[in-house]
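Note sheet for the following structure.
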Amino acid sequence: MTIEKRPNATADKNAPTQAPRVPAVERDRGPKLPGPPGVPGTERFRLLAYVKQESMVRVDKRPDETVLTWPHLLRAEFLMALLISVLLVVASVFIHAPLEEMANAGVTPHVAKAPWYFLGLQELLSYFNATVGGVLLPTLYLVGLAVIPYIDRSPYKAARDRKTAWVFFMSLMLGGLLITLIGSFFRGPGWNWVWPWDGIYFTL
Amino acid sequence: MTHLPTYGEVPGAPVGEMSRRSFMRRIFWVGAGILSIEFLAGTLNFLWPNVRSGLGGKFTIGTAADIASTQPTWTQGQPFGFSKARVFFINVPASEALVGGSNETVADPGANVLALYRKCPHLGCNIPPLCDKSHWFECLCHGSKYNIIGEKRAGPAPRGMDRFAVTVTDGVYGIDTSAIVAGPPIGTATFDPRDTTTIPHCAA
Amino acid sequence: MTFPGPGDLMRVVRESSVWRSLFRQPYPTTSRTRALAVMNNVFLHLHPVRVKKHAVRYTYTFCLGGVSFFLFLVLTVTGVYLMFFYVPSVTRAYQDILSIENSVAFGTFVRNMHRWGAHLMVLTVFLHMIRVFYHGAYKPPREFNWVIGVVLLFCTLWLSFTGYLLPWDQIAFWAITVGTQMATYAPLLSRESSFILLGGVEVGQGTLIRFYVMHVIAFPLIVAILLVVHFWRIRKDGGVSGPV
């Protein structure tokens, strides 16, 4: 992977007339090695400045499992950014952000809900006493997430080797999803149960 | 033979004492710690709200006669909604008569009044006017219910309705909203302990 | 006689000292120049020159961290646009949103984009966290990057929440009233914490300006700093984890 072909000689056509700026990395690079005899422009070199390599002659050369960032990673990132941009633009053209009447502290709308990512929390509040549901459980949730790496010390990484951790984590996530969905789509005026087909009380 | 320059022997800390270097280091970190604590305290102090107007200030309502002239039913026990301070101003003896069914009128309750804050202690919805069916305050958001003097009767609220201090000078009522007085704890029933299941309600 | 074409013009530009002071090598078409491009460019050198093959596959990361970052950038740009027309005052805020919608060119579009981008970012950050968990990518040496991630998750939620109040309509006002009232249930200092958060006893002008400052400067800055550390540590921890 570290031995690269030199840029094709024809690329030098655009070579600037004045002395080129030479990046430090080029000045530091190792001596050129001759290419096949009689073929100009095929000398090889080592990029000593930034590539680690044990020896020039590798006995046991493993298959190369890396790719160049330019173009492979950058292409992937670009395409993903493109996809998201298109999605956002289309959504923004066709779906309007909600806006109701001006705020009025004297009139509570008959459904007062927090933003959707807090509706699970609001749902919890209707099960537990407020200190537990509103403060202790969410704090425990965040702190619990943060300390996962210090509790789960098993060295295995594949999901099949860490079923307990995965089941535990996913039940937290899916539990959160469930109560968020309930809070979003199954709760109406007075936080009473309302089936979605009887009315949806949800704003984004 | 060349000699490397020497700087003398570096003395270790005398037994049982701290070296000058670690002393200085400790002073530095302790100083940095104290400074950060001061900085934090100063920031909190800086951010402490300095409420001068709006809710948080003092309001003058007027005399009992002034109230009765804007809302005659106040002398028959109906709460007077004073929107500037977001309170229900309760004529306590008349209200007790209203709930008790004796329908006495009380033109001037003197100091026997309450300024109940309309923000529900549960999740802060605006509490609507007295429910005629039950003569209770019933929050429509999650169905917390309070009797006419703001004691909690039902629902998820953690305490009775909060209130503000009322001043009476020469018969003129004033409300100081700078400090919220927490409502009475759950279970307080100095008046009207009717069971929630036996009476009709406005909120579910 | 031949006329100079666009190719010649490009050549003149490419050979100018201005161009060469900007780009220190020809357009990267070879492995060597591509490596140099990534290494010498301040933005690209967020990445290593080479990455593990599996890390480039969409099905490994689903690009969720990258998408979250991209959305953060989109939100910064659209947010700055909105700031030109928005005054955080209880008497003006709502009118300003109306005028953004009705009389600013592309105003509705920018507002929508900011709104949907914000919701999407909350979603992608959650999904990113689940993906990281699935690959056990929080295991040594990446433990602390996970912790930074959790703080980023909190900051993302907080940015979204503070922004929710700004339109000053009924949805905003009551959602924030209900949301902040939860803070008053803290076992200690509940009254004080809600007072300092709201800048008063209830949601009002004090709250609006506080949330505005947190939303447009304090938390974006905190997130930016945390992201620098997050990305730095990914590289120092040996790049994206795996393959598992």
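Should a chain be cited, it is by its letter among A, B and C, assigned in written order, with residues numbered from 1 in that chain.
What we mean here is this: a residue touches a chain if its C-beta (ideal position, glycine included) is under 8 Å from a C-beta of that chain, and two chains touch if they have at least 3 such contacts.
The shown structure was predicted, so the numbers you read here are calculated from the model rather than taken from an experiment.
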Contact pairs, highest-scoring chain pair: A-C
Chain closest to the middle [Cα centroid of all protein chains]: C
Separation of subunit A from subunit B, taking each centre as the mean of its C-alpha atoms, in whole Å: 43
Distance between chain centroids, defined by C-alpha means - subunit B, subunit C (Å): 37
Chain centre separation in whole Å, for subunit C relative to subunit A (CA means): 11
Set of subunit C residues in contact with two or more other chains: 174, 177-178, 182, 185, 202, 204
Subunit A residues counted as touching two or more neighbouring chains: 105, 107-108, 112, 122, 125, 130
Overlap residues in subunit B, where contacts from two or more other chains coincide: 86, 122-123, 125, 141, 158
List of subunit C residues in touch with subunit B within their complex: 174, 177-178, 180-182, 185, 191, 195-196, 198-202, 204-206
Subunit C-touching residues of subunit A, taken from the complex the two chains share: 1, 4-8, 11, 14, 16-17, 20-21, 23, 25, 47, 50, 65-74, 76-77, 80-81, 84-85, 88-89, 91-93, 95-105, 107-109, 112-118, 121-122, 125, 130-131, 134-136, 142, 145-146, 148-150, 152, 155-159, 162, 166, 169, 173, 203-204
For the subunit C and subunit A complex, residues of the former touching the latter: 11, 14-15, 20, 24-26, 28-40, 44, 47-56, 58, 63, 66-67, 70-71, 74, 90, 94, 97-98, 101, 108-113, 115-117, 119-120, 122, 126, 129-130, 133-140, 142-144, 146-147, 150-151, 153-154, 157, 160-161, 164, 167-175, 177-179, 182-183, 185-187, 202-204, 241-242, 244
Residue ranges of subunit B touching subunit C (in the complex, touch as defined): 44, 47-49, 51, 54-56, 86, 119, 122-125, 141, 158, 177, 180
Of subunit B, residues touching subunit A in the complex: 83, 86, 122-123, 125-126, 128, 140-143, 156, 158, 203-204
